[in-house]
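One chain, chain A, links the two complexes that follow: it is found with chain B in the first and with chain C in the second.
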Partner chain A sequence: MGTLRNALGGICVAFLLLAVVDVAVRLGFPRSDRLNENFSSTYLHREIDALRGSSPTVVLGDSALWGYGLPAQRSALSLLRRQGIPNENLSYEGGSPPNTYAMLRALLRDGVRPRLVVFNVNQKEFNPMDSAYRQLHPSVERLAWSALDRSERALLKPTQPSGSDQALQRIVESTWQLYGMRNDLREWLFGDVDAVHVAQGAIERISGTAGRRRAAHRPTAEAFEGTYDLTPLNASDVSFRFLALVADLLHRNRIPALAILTPTNHVLLHQYVDTPEYAANLRASTFLLRSRGIEVLNLDDAFPGTDFIDNDHLNAAGNVRLAKVLRSALQ
Partner chain B sequence: MADVLSSDPFFRVFGRRLAHPCVLGFVIALVAVLIIVFGSSSDSHFIYTDF
Partner chain C sequence: MIFNTWLFAVFAVVTIALYWAVVPTGLRPYYLVVAGTVFYAWAVPAYTVLIAALALATFAIGTALLRTRDPGRRRALLILGVVLICAVLVFFKYTRFFAAIVNEVASQNILPIPQIVVPLAISFFTFEFVHVLVDIYLGKIRRLDALDFAVFAMFFPTLVAGPIKRFQSFAAQLRPIVAPPPEEIALHLYRITIGVAKKTIVADSMSLLAQPIVTPGTPYGHLDYWVGTLAYTAKIYFDFTGYSDIAIGTAGMLGLSIPENFERPYWAENIAAFWSRWHISLSTWIRDYVFIPLGGSRRPPVVVLVNLLIAMAISGLWHGAAWTFVVWGLWHGMGLAVHRVWAQNVVPRIPLLKSGTLGIRAASVATTFAFVAFGWVLFATSSLASAGGVYAGMLVP
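Then we have the complex of A and B:
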């Protein structure tokens, strides 16, 4: 009887302590310059919640605006913020027009009415072979799925399995913040997706494997063969259809917007993108956006090859240049 | 069994303390937090595909 009482008492104390930790995580988990690499739906919900009732300049986009390959503080949007141009960078790796649309729907549903929306349009994301062509980021899917119409959902390929265990996991994640934000917590603590990756990275650095891999990982034009689909863009392209939905939604809600045609490395990709078909697709995107009153900033061929890490990711110097261009556009 | 355990000097010192609800609760909470912090990212959301 005494043992049972002690066990029950122990469980109660454990719950109490975990509740205290949970409150500490809710109140104390830091907000970052941008979404982390592996953000959870709980974290995203927390970010959107923090914007509720305000009218921020919101940046929605893919890894190009997120600042791929650079620390958060060296991305163009962080540089802009430090120069006195406030913005909320909700871009992430794996963004695309369907993702931009879903994020926008979630923001509007949750009472965030942006003063200005800045988003990028990356031609590679109109390629049905692109991983984000008709797929939402899993955390965005969880958060925004219910905000989408049935016809919009039908265009997308869900990534989240459904079932009773998933439903249970969602309930636990929504009530227990520490569990819901486990990926974010690990990345914050270790600077990587988890402790195993940190240990693995250290071993690879010591053994020289990491250096050899980096040397072998130089971007070549051949690596991007098939990345850009040059089929003329029209409503049969799901991603292009979502671009139209983004433009319509912004127009309908009278939200000013600036669309950036993503800087692309024409030196590296010359044989794939310096073609009349690619130029025609850029014009099609521009026409679609401008016809809905959205300002378009064409940066597609505005950066030299030395500003890129690969096909469309800018290095530190490229991000400084992008910040400068955006600064004058936003002012 | 209980007699054997209670005659063990280690159990006499630590076993009873461990059985105290506060200690037991602390250990359970600590294990839960450690599992979460050091858990695997097999449920990773990462979908970005580099070249």
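Then we have the complex of A and C:
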């Protein structure tokens, strides 16, 4: 009996410790300038929860507005914040019109009514070959799937199988914050996801793989062949349909919005994007948005080639310039 | 159902709680059969019929074997049973592989490559069924109770990744099933926790570093392949021992003991010792039901060496239907053959080797580890060409 009592006592103490840590995570986990690289649905839910009742300026973009390749503090939206223009950057790598729509639905469902929504429209995301063309970010999918109508879900390709295990996973993650935010916690503690990634990075640097990888990834025009689908945009394009849904939803809810046509590296991509078809598609996006009363800021060809890391990601100087443009647009 | 999922966690907790708190002692074996059926049916429900039918056929043939005295009929029954079980295994696991070989040899698509979903744990339960029939034939099993056999066949902790159980020691624990004392429960819980940690923390992390050998390609260099090989060596150990720990711990929580599968294999001083410490339940199965029936160690030396190669090639093929697994098995068969010749003919003549000093032992452990790690490249890659690419990347700076 003594052993049983000890075992039960040990289990109780373990549970108590977990509960204390959980409460500490709930109360003390810091909010960052933007979503983590591997943000969880629990973390996203927490972010949305923090916005409830306020009317913030919300940014719903892709990696271009997230600040790909740069520390969080050097992204354009962080710079803007430091210049006294508050905003909640809910952009992430893998964003697209379906993702913007799902996020917007989740925000509205959870009682967040933004004062202004800023989002970007990236022409490459209208390409069915793009990974986010009809797929939501897994964490967004988990959080926003239930907010979508059946017909909208039918247009999307789920990233996670539906099943009892997924349902259980959701229940555990929503009740046990520490577990739900394990990736965010790891990223917060170690910066680069985890120790294994750091080790991998070190090995790749020593072996020269990192250099070879960079060389293979060096932006050349050929590397982006097929990235931009120049088929005329219409309702048969799933991503374009979601752009229309975004515009309709904003219009219906009378939420002011600013759509940014994503800065694109025309110097690098000249042969693919300086074409009448590409220009026609830009016009189609602009027309669609303006017809629903959405302000459009066309930055497609507004930045020199030296401001880019690759096809559509701005470097530090480019982000400074973008912050400046956004500042005057938002003011 | 896979072990490292919430579904299994809930299933195991509910099953074990009901097992001890609600189910009467006499009904526990029946309950285990039902739990095993639910567990198995979760993946592809239709295949529950397959495992049930094969278990039934094995039981019927086993019972007939026990009742028959005529040696000729007994032999015929054994052959019938083993062929039936192996045919099911071959059909589900190897049809695609063999069809691809035929097409490759003929240089045209003579046979269609069928899309067959391999039933969960088919490699494990078929080997267990063969063991039951052979042991009945050899007189090592003298009684085959239907309920005991059903529990043996449908015991859910071993349905995912073994260990391959032995009927005699398993059935002996069923009447009655004794509840483990609290200190043992704590040990089983600890074992399960360690198993989950091995799988999710270590093995899954190592997968990232093992990428160069799993998907070799242009960006990777010399060091990546070496690190990848070592990472895969760690990954496969922690992955498999993790699963075994969860299985053994869960079985323990049900009051049943199943065989240990690993005993610090990377500390083995030679490849024969490695195989007595790695996936023990499989290596003893291969020894008992392949190597010994082929003549074991009593045949002429050359025949023994060939038998080692055959036994290990079968072991390789058991792991997966691809040439890489066959060559991996042959690699180990060759290692065992060379070790046998070395141990019998070289070691006795060199006093230093016989002495077993710390230095010699350390060198032996390092050599065995390197041999095993080198072999894992074959196990990890999807084709012999990829494996060749990795070896070239490792050896040619």
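We take it that the second predicted complex is superposed on the first by the 323 of 331 C-alpha atoms of A that agree within 3 Å, B and C clash if a C-alpha of one lies under 4 Å from a C-alpha of the other, contacts with A are read in each partner's own complex, and residues count from 1 in each chain.
The working rule: contacts are C-beta pairs under 8 Å (C-beta built on N, C-alpha and C of every residue); 3 or more make two chains touch, one makes a residue touch a chain.
Only a predicted model underlies this, so the values are computations on that prediction, with no experimental measurement involved.
Participant: Answer with first, second, both or neither: which of chain B and chain C does A:Ser164 touch in the superposed model?
Facilitator: second
Participant: Looking at the overlay, does A:Leu17 come into contact with chain B only (first), chain C only (second), both, or neither?
Facilitator: Only chain B is touched by A:Leu17; chain C is not.
Participant: Contact-wise, after the overlay, does A:Phe119 reach chain B, chain C, both or neither (first, second, both, neither)?
Facilitator: A:Phe119 sits against neither chain B nor chain C.
Participant: Tell me the contact category for A:Phe308 with respect to chain B and chain C: first, second, both or neither.
Facilitator: neither
Participant: Does chain B (first) or chain C (second) touch A:Arg186, or do both, or does neither?
Facilitator: first
Participant: Between chain B (first) and chain C (second), which does A:Tyr228 come into contact with in this model arrangement: first, second, both, or neither?
Facilitator: Touch status of A:Tyr228: no partner.
Participant: Contact-wise, after the overlay, does A:Val172 reach chain B, chain C, both or neither (first, second, both, neither)?
Facilitator: second
Participant: Quick one: name whichever of chain B and chain C touches more residues of chain A.
Facilitator: B
Participant: Per the contact definition in the header, classify A:Gly94: touching chain B only (first), chain C only (second), both, or neither.
Facilitator: first
Participant: Is A:Ile206 contacted by the first partner chain B, the second partner chain C, both or neither?
Facilitator: second
Participant: Can you list the residues of chain A that meet both chain B and chain C?
Facilitator: 3, 6-7, 10, 194-197
Participant: Which of the residues in chain A come into contact with chain C in the complex?
Facilitator: 3-4, 6-7, 10, 163-165, 168-169, 172, 194-197, 199-200, 203-204, 206-209, 212-213, 216
Participant: Give every residue of chain A touching chain B within the complex, in rising order.
Facilitator: Going through chain A, the ones touching chain B are 3, 5-18, 21, 37-40, 63, 93-94, 131-132, 135, 137-139, 159, 178-179, 182-183, 185-186, 189, 193-197, 219, 223-224, 227, 310-311.
Participant: Along chain C, where are the residues that touch chain A in the complex?
Facilitator: Those in contact with chain A are residues 5-7, 10, 181-183, 185-186, 205-206, 208-209, 218-224, 227.
Participant: Give the list of chain B residues in touch with chain A in this complex.
Facilitator: 19-29, 32-33, 36-41, 43-51
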